[in-house]
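Given below, in the form of structure tokens, are the structures.
The same subunit A turns up in both complexes below, where it pairs with subunit B and then with subunit C.
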Partner chain A sequence: MSLSQSISISDSHPADPLRQFTKRVGVATLVLLGLWSLALWLTPYEPAAADFLNRLAPPSAAHWAGTDHLGRDIATRLLYGAGWSLGLSLAISLTGFVVGTVVGILAARSGPAGDFAVMRVTDSFFAFPELIAAVTFAGLFGPSTSNLVIALMVVSWMKFARLARALTLSLGESDYITQARLNGLSSRLILWRHLLPNILPSLLVLWTNSWSRTILSVSGLSFLGFGVQPPSAEWGAMLLDGKAYMQTAPHIMIFPGLAVLLAVMVINLTGDRLRDLMAGKT
Partner chain B sequence: MQQNKPLISVSNLQVSMGGKPLLSNVSFDLSEGEMLCIVGESGAGKSTLVKALQGMMPGHCDRFTYAPSSTEVCGAIPAGLGLAQARWVMQDPLAALNPRQPLGRSIAESLHKENLPKDQLRKRVLSALDDVELTADFYDRLPSQVSLGQAQRACLARALIAQPKLIFFDEPLSALDALVQKKIAQRMESLRRATTTTYIAVTHDLGFAAAYADKVLLLRDGTVSAYQSRTAFFANPQSDYAKDLVAAAQSLGALPEAAA
Partner chain C sequence: MKTLLIRFAGLLAVLFGITLITFTISYFAPGDKAEAIAHARYPGDFGIAPEVLQGIREEFNLDAPFFSQYTHWLADVMRGDFGVSYSSRTSVWVIFVDNLGETVTLTLTSLAIGLAAAFLLSAFAVRYPNTIWDRGAVIISSIGAAMPSYWLALLLILGVSVYLGWLPAYGTGTFAHLILPAATLAFWVMTSQTRLLRTFMLEAYNQPFIETLRLRGIPEREIFSRHVLRHSFVPTLTMIGLDMASLLEGAIIVELTFSRSGLGSLLAGAVLSRDLPVVMFLVMFFATAYVVINSVIDGVQHLCDPRNLKRAKAS
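For the complex of A and B:
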């Protein structure tokens, strides 16, 4: 049988869509980070610099998003607030991602008794809704940014643990991991080569979801006064600042609200696309 | 084939799980380069047999010999992972290949224990790809970027690259189209002739057994219903069940003329 008759050789095969997408998201993130730092550098205002002659000014060429009740530039505060709102929630959800994944994989690989113990502890953490946990924490230790972060981190990892455990257990039975075992690969090598690359996409989808929910939690709790404290320019805290002027100067609330909406939407849509790409592959 | 050295011999294999017998009194022996087809309906114990022989399920034998590792035991088949110098080609090639790992690396893992330097390993993989008539550019492709038949060829290459003495095939063709089935079956056959590798193939397809097997082992409810050479099995089946099965395959036209 000759080579040419047995297979049709195509020069171009479809590129791996998952890898392409990851690359694109990476580039977009870098561009956004670049624009953000550029804007921080270019803005002529300080986030906490009050200008009482210019209170509650509507959007103008000098103040693109207007000024708040202390005459601070809202656009500048939004830029700094991104660091708080997105940065804090990123740190919280990443912690949950890493801790939960490690816990889940360990549970799946530690035999029935260890698995049972670890997962019951996980279940008990599920008993605390994250907002209640954060409010309780703030009540006990005082409202502050660090207490908010600690409280949200403590209740951030369980979903990841559950998913990582379930995926690890099901993949452990898979044919390709059986083949790898038969070929004598060590557990560590199987973990890095076979397990992680195949469970990470699902966990990443969960992580985008977790990140956007955490943005809402951080902003929501700050709005309620339990989180980031004034004069820090967190988006939720900015909403709180504008609440008293909702009737007379609605732009104080509109722009932070839009920022939260936009951030949550972009992150969620990215996660949805990632999930769709994965579903197309399996 | 008769003058070839014996490779594997099993006598009175018993496998049970939770007190329930899955296989009882299974015996067969094979020489180098022979092909055994294990046939039988779903749940008859075909896959159990393949797993038990590889030590992945606890099995007991009156006698179990396996030449490549000079294994000769009476009693329990040594538990562990796999037989020495044996490889296993599974039913669903897409399940048997890591979807996030290029084919070349999956194939190379078959030589993991040999610790070859990288360039030598790559050379071996490329020649294994060539053996199953895949070009070098399949080395970097993911399983999602090839057809099912090509993926099964890659699995075949993964088995062959280790130059094993014995290859287990678990329904190697059932996930494939008829035309691809034929090509891969012919390729399997010519490679077996070239390398005198022994094949143990689980199959539903009597036509495949009739075309390529040296011996046929028919399982029913965990016991041997027939164990005969191919010609004897198709001309003069040992049991009523075997007779019915061969007659049914003939009436469907699934058997080649020579076997009918």
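For the complex of A and C:
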């Protein structure tokens, strides 16, 4: 097992579909990031620059997605909004990923009593639905971007802890870990060399799921007024702006919603593909 | 029996953890609680005397250390005394019961419609693989998983209320007010459950006993209705339990987007007006409901599996 492991990790098998997929996703991400920065650089508008002569203008050659109630260019705001919506949720879900994985591995390796205690704490946090925790926290401590991020981070790690614990426990009984232990490898070496590389792919699939869910939460909470506050160009906050002008200028609320839908869908499909590839491989 | 006891102890520990987390949030919430109570008691009076505030602090034990306040509050909660709303000065329990109906109506209506639709869609998808039904089910469920429900709500309002003028957009009260919110939430239920039901049914089809039934000449229709459905029932039950939280979250978003009354609007209003007793009760209610529902489903699932029944009878 450890032999085949080292082979699949090295570059000697370019036909390995999982590796190919990872490379493709990497290239696609770089291309998208490049296009995004290019667009930010090329756009003639500022995200917060009001132009009262051009309020509520429908999409045109000058304003590809029209303008909003203050005459700001919606396409430009969508570009800046990607930083808010995707960036914040990326940071939140990565925090959950790291913290949850550490907690889960600790629980699995700390004996039955410690495991029970850690997992009941995890369950207690798990009981609070994300949105309710975030509304309560951000509402009581004052709606702001930082309070939204704190609230969502606090409830982001439990799924990772559960999965990391379950995977660690089941791997701990596997033959090659026993073999490694019998060979006298230190538990730290086993953790880094054998355990982590084997549980990471499943956690990565969960992470794509968590990232896309967090995008929905961040923009949803901003839409409800508990998150990123206008005039910041977060997609949910932009939707909130558009809600009042639905009858006269529906384009204000069409594009930000479409952006959320597309972003979440792309991340979900990537995660699904990753999961399918892993299932086919093992 | 022993596993049952350990599970029960775990449930109690989690419920205890929920109260601790809830209290911690409200303890550290900014703002003077005595002032909030005073403003509720003497509305319109902006120059509240320091002695009055001090009196309130003593009455509500607000100067006591964290742990002492927590145990006092916990004792009240255990006795079923959830306190009095700061803003309306009625019992939190009464306010909760007043608002519960709207949310339950919305949630159950959407759950019933969404599940029925999901069931039909996935049954067609599995019975007729590689047809438009199958592809459609997959496409709809991946769109549904990515669809922001507040945006869907706005689109429905735009199409049905603004352009067609068929249904009221905002508010509560009549049956017409329920249709759009229920449709929004039901769409989410349908898409998320179609995805799962389809997988569970396909898994059931791949079980060896299905092949045996086929060889015995059982008609395909009966195999599906008597065996595949039953087999996919247990995992579906689990997923509904796990999705309960998302369903409640969905209900809250939908309530706020459509300006409906209900627990979601109650929570948002209470949070913004710092009505701490209401906030604490609602947060605890949602968390406890989630935990209890999942424990019950765990139990039902245990009973649904014939292997466990046999074991229970043998011992």
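Keep this in mind: the second predicted complex is superposed on the first by the 268 of 282 C-alpha atoms of A that agree within 3 Å, B and C clash if a C-alpha of one lies under 4 Å from a C-alpha of the other, contacts with A are read in each partner's own complex, and residues count from 1 in each chain.
What we mean here is this: a contact is a pair of C-beta atoms (placed from the backbone, for glycine too) under 8 Å apart; a residue touches a chain by one contact, two chains touch by 3 or more.
All figures in this text were calculated on a predicted structure; none of them were measured in a lab.
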{"item": "Partner chain in contact with A:Tyr176 - subunit B first, subunit C second, else both or neither", "value": "first"}
{"item": "Broader residue contact with subunit A after superposition on the shared chain, subunit B or subunit C", "value": "C"}
{"item": "Which superposed partner A:Arg109 touches (first subunit B, second subunit C, both, neither)", "value": "neither"}
{"item": "Touching partner for A:Val260 - first (subunit B), second (subunit C), both, neither", "value": "second"}
{"item": "Contacts of A:Pro197 with subunit B and subunit C, given as first, second, both or neither", "value": "first"}
{"item": "Partner chain(s) touched by A:Leu185 [first = subunit B, second = subunit C, both, neither]", "value": "first"}
{"item": "Subunit A partner contacts - residues on subunit B that touch it in the complex", "value": "54, 81-82, 87-88, 90, 92, 95-101, 106, 109-110, 112-113, 133-135, 137, 141-142, 144-146, 150, 158, 183, 186-187"}
{"item": "Of all residues in subunit A, those that touch subunit B in their complex", "value": "1, 3, 6-7, 9, 13-14, 16, 174-176, 179-185, 193-194, 197-198, 281-282"}
{"item": "Of all residues in subunit A, those that touch subunit C in their complex", "value": "116, 120-121, 123-125, 127-133, 135-137, 139-142, 212, 216, 219-220, 223-224, 226, 236, 239, 242-243, 246-247, 250, 253, 256-257, 260-262, 264-265, 268-269, 272"}
{"item": "Interfacial residue positions of subunit C with respect to subunit A in the complex", "value": "10, 13-14, 16-18, 20-21, 25-26, 29-30, 142-143, 145-151, 154-155, 157-158, 162, 245-246, 248-249, 252-253, 256-257, 267-268, 271-272, 274, 279, 282-283, 286-288, 290-291"}
